[in-house]
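The following blocks contain the structures, represented as structure tokens.
In the two complexes that follow, chain A is the common piece, with chain B as its partner first and chain C second.
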Partner chain A sequence: MSKPRVAIFDFACCEGCQLQIVNIEEEIIDLVGAVDVVEWREAMSEQSHEYDIAIIEGSITRPEDEHRVQIIRTRAKILIALGACATIGGVNKMKNNFDLNEVKRCVYGQDAGMPHLATTTTRAVHEVVDVDYKIHGCPIEGEEFKRIIRDLLLGKTPFVPNYPVCVECKERENVCRYEYNEICLGPIIRAGCGAPCPTAQWRCFGCRGLVDNPNVDAAQEVMEQYNLTLDDLKQKMVLFNSK
Partner chain B sequence: MSVSTVSKDQFKQFVEALIRSDQRVVGVQQRNDRFVFDDLATADALRLDYDVTILSPRKYILPQKEPLLQFAAGESYTPVHEGAPMVLLGVHPYDMASINQMDQLFSQDEYDSHYMNRRQHITVIACDVVTPSENVFAASMGTATVEKGYDMLLTDIGDAYVVQAATDKGKALTNLMPQARPASEADLDKCRAVQEQNQQKLNQHVLECKPSYLPKLLEKNYEHPVWEEKARLCYSCGSCNQVCPTCYCFDVQDEVNWDLKSGTRYRAWDGCLLEDFATVAGDHNFRKNRSDRFRHRLYRKGKYVPGKIDGQIACVGCGRCITACTSNIANPVDVYNQLMKRTDIG
Partner chain C sequence: MSKNININVHHVTRIEGHGNIVVNVTDGTIEKCQWQVPEAPRFFEAMVRGRRYDDIQTIVSRICGICSISHSLVATRAVEDALKLEVSEQTDRVRHLLHFSELLQSHVLHVGYLVAPDLFGEKSVVPLIPKATDAVKTIIKAHRVANQMSAILGGRITHPVTLRPGGMTRLPTEEQLRAIKSELEAIVPDLVTICEVVLSVADQLPNFTRETEYVSLTQTHPRYMESLNAYSFYHGDITSTDCNGDGPVPPSRWERVANEYVSPQSTAKWTKWHRDSYAACALARFNNQAEKISPLGKKVAGMFGLEKGCCNPYMNSVAQLAECAHVVETSLEFIDTLLSKGIEPETVNVTPRAGRGHAAIEAPRGILFHSYEFDKNGECVWGNCCIPTNQNHANIQHDFEKLVPEFMDEGEDALRQKMEMLVRSYDPCVSCSTHYLDIEFIK
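Now for the complex of A and B:
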């Protein structure tokens, strides 16, 4: 049986998640032993229109991006969204909180009207085309990436946690940030990262997006228990989880 | 049982000798403003005056993630048994009670060789509580003191420890305490006084019934407004499960190597509050509602597990879930007392 062909594409992003793939270092050899990488702009010069698995990094922010990702979808048997920009829109969605013309003026000044700077509302990949699997995080976790790829090669549905970050945070014996009356997004955000941010005594920033069924109704009452408000919580959501 | 007394200075020398021995020594230490069980580097780091640890010693008895077997798909598999000698130093009575329950659960029915093999290599040095934690209610659960399970029990009587070596492993450890002297009647009186005080003192939340009533109380209250009232604020984050010394549910996952053939089967902690805990084949989830999962935890502790271990209640009153719950809904005493108010338990 021939090896599955994999192509990696980037859209609006910092390319840090691709860098995380490069960062698996010697296991890159194992990866290219298990699959044929046919296109990956960050790591090689070859290109191809024929692939089985497309890995999409970045969010969709321009009319031509939408067209390009639709073509990729028609060519790929399996499409994977890679990293927060692709899975939830991530920091790129902060743009959606403002008037689009205002955003363009702010960023590009007098060139804002130039045709090649056309920009639209930011969307996650699944808001444009069907996505088969998501590899979450900003950036992604190398270990999780490797495990998911191996599971897919075996034809097995990869395990992606649908429980909050609190599970992994407690495993690491952190004290809940709320005990210090600080906001943390952990109780509503998908785990899988191993809670590095609360372990470093920050809050969870929410880069892996919401769990499937977050208890949004509880938020107001719980915030009040800690002399916090719903607005405090919403402000912290803006960074990775704007609409 | 041999009972002796060692001064605190002599005890420190004992701990240093233990650390120098060829077994792993894990003890209670301060981390920031809390306490944790961790590998002990020096006797000075040991804090037997701690109130409660963030996680219970369960993390050593039943690790968060452990390999069960190595496999080569379609060919063979080899079981993995971990069993390096380890001393757990500073286990409080309520945690000892939880270990005793797990020992019973993992050895009856399907004998769990992974658990039991590891357990047999662990020496437990328990200690009576010096400082009650803010949420402890062990006195309500009958676990403020403990009579069995430990290899050695330490009781702080001021300037010395009363040391009870209960097993051969415990007695062997007393060889590292050459200066220990037989406990005097006065020492034993002080020791009993500490334990009697703890049976009153470790009770920040008072259960308004005997623990032995709980199975009956729950049996009558499967449908009760308290489940929904509490679960309304539940994030399904499983913090109560993670910190619980008696939660022992696990998930099993296979991880395959790059040859896509060989790999390892692991088990890792799971929690009944998590949304997908009860999801089975075909994506059917038989506890889909938060309130069903919230109720299930308290039924496990107060009715289902007791049914497997001669009526012992699977809540030892450590109070960790009360501290860990962001929404402040996890307090078992609060729930059980609310049920008591509206129930004639006959």
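Now for the complex of A and C:
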């Protein structure tokens, strides 16, 4: 059996999730042995139009990028959204909270009308084309990336947690961030990261997006216990989970 | 000899972000020669408005995955400048170490994974794995050690979560510092090996020079004037090779250095100071501070014949190798200082206040500026930022304009290769440069 052909593409993002692939360090040698990487602009000069698995990093923010991701979709058997910009829009969606013309004026001033500076509402990849799998996080976790790719190569459906970050945070025996008067998104955000932020004594800011059915009642209980409201919680969602 | 050349590299590979090279030569006449930046703008500067002072570094870290630590650090320090917060010497030294880990990681990535394939005549590092397995593994090891250092100090490898205005959320333990120390000591011979591997193919670096202005920080912090850290990546004021005795410029006045303007061939703004363009990169730091680099850094520079005043942009990769040695030696000095004093717990108390603050830092690929203004509740009302790659775009264009006539007789393929290598030599972070431009907030 020939090795699956994999191509990695980037759109509006910081390219930090591609970097996490490089950051699996010595195991990258095994990875490039198990698959045939046919396009990866950040790391290689080769280009290809034929691939089985397309990995998409970044949000879709311009008409030409929408067109490009649609073409990639028609060529790929499996399409994976890589990282928060691709899976939920991430920080790029904060732009959607403002009037687009005002945003452009804010950044480019009197030059805002120049055609090459055009931008549209930020969208996650699944809001433009069908996405088969999502690798969450800002940035993604190298261990999770390896596990999901391995499962796909073995023909298994990759496991993605659908329980909140609190579960993993408790496993790491952290003191709850609410005890420090912080508003932490752990109760409603999808786990799988291993709770590195609360472990470093910083609140969860929600980079992996909501669990499928967030337990709003439980979240409300937590908020009431600390004299806070659900609106306080929603305010904190702006960073990574704007509409 | 070819009289007609048509180069159209749509998205240069092995760089961070999207850039194009377009050259048209007809009957020996250069009709077009452009470095274009079509990266999708992300409008961070607009998005930080209304966010709290302690969310800023989390947001702007996402400008760039490769220099996320530099962005987080400079943003945190600009916020501290606005809120009039002082940090302890201990925090300052821990933050330096976090920064050194990124400089090492990024330089190894650039020279080892992105530049080396050009020197070996390959399209990526992948074909080098079977051909030069040991060398590739040595490069990966140095990269891993740098990343492990980031993970300990920053809470994870990319987009650190331990920085907060006024201090750190979590300090490393003495045991962790000792572990970092032994890993760093162990990779010193590996760095020498990497330098020897690059030296074996250094004749592939094009012989091209163009005199230009080199801009970087210069150390002014009294604590570090006599230490290895006199070669500054973090504190200090802004200087350049064109300053000719004029004193350095404080970070609060960085806008007078950058003089940003919009070019129709770029979604990222361009900059100029004393002349049409300037360079901000490892070579700029070296040209301004060469005499202060660490002993091993000097030795590495000497291996390649790199001297102060070098105007060959391709030598930036060599300056990065010298800096790799320097940051390892300086990190060891910093760890010893921290261990000799012992790690003391700190508490951070911040009271929001209205104000505007500025900071400058040397990102791996050159000097980086951030400024923010907050209202009395600590909500951001204005931000402005200027990224090293912005500051290099005009210089790349001017290099192209000298390079094309000099090398077009070598033919299209050789010229295209030299132009791609030139772009790569600046270690551009194009998505960065397009993410944070001039910001003016009018209520």
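We adopt the following convention: the second predicted complex is superposed on the first by the 234 of 243 C-alpha atoms of A that agree within 3 Å, B and C clash if a C-alpha of one lies under 4 Å from a C-alpha of the other, contacts with A are read in each partner's own complex, and residues count from 1 in each chain.
The definition used in the following text is that contacts are C-beta pairs under 8 Å (C-beta built on N, C-alpha and C of every residue); 3 or more make two chains touch, one makes a residue touch a chain.
Computed from a predicted structure; not experimentally measured.
Taken together in the superposed arrangement on chain A, chain B and chain C fit without clashing. Using C-alpha centres, the superposed arrangement gives chain A a vertex angle toward chain B and chain C of 110 degrees, stated as a multiple of 10. Looking at the shared chain after the overlay, A:Trp202 reaches chain C, while chain B stays out of its contact range. In the superposition on chain A, contact of A:Ser2 is made with neither chain B nor chain C. In the superposed model, A:Thr74 lies in contact with neither chain B nor chain C.
When the shared chain is aligned, no partner comes close enough to touch A:Asn227: not chain B, not chain C. In the superposition on chain A, A:Thr119 makes contact with chain C only, not with chain B.
Of the two partners chain B and chain C, more chain A residues are in touch with C.
Of the two partner chains placed around the shared chain by superposition, chain B is the only one that A:Leu153 touches, whereas chain C remains out of contact.
Closest CA pair between chain B and chain C after superposition: 11 Å apart. Residue overlap on chain A between the chain B contacts of one complex and the chain C contacts of the other is empty. Touching chain B in their complex are the following residues of chain A: 27, 30-31, 33-34, 147, 150-151, 153-154, 159, 162-164, 166-167, 170-171, 173-176, 178-179, 186-188, 211-215, 217-218, 221-222, 225.
Against chain A, the residues of chain B that register as touching in their complex are 31-34, 36, 54-55, 64, 232-239, 242-243, 253, 255-258, 260, 269, 271, 274-276, 290, 323-324, 326-328.
Partner chain A is touched in their complex by these residues of chain C: 11, 13-17, 38, 40-47, 49, 51, 55, 58-59, 62-66, 68, 109, 113-114, 117, 123-126, 129, 136-137, 140-141, 143-144, 147, 154-159, 161-162, 164, 169-170, 262, 264, 266-267, 431-432, 435, 437-441.
Listing the residues of chain A that touch chain C in their complex gives 11-20, 22-23, 25-26, 28-29, 32, 37, 40-47, 58, 61-62, 65, 90-92, 94-95, 97-98, 102-104, 106-109, 111, 114, 116-117, 119, 138-139, 196-197, 199-202, 205, 238-239.
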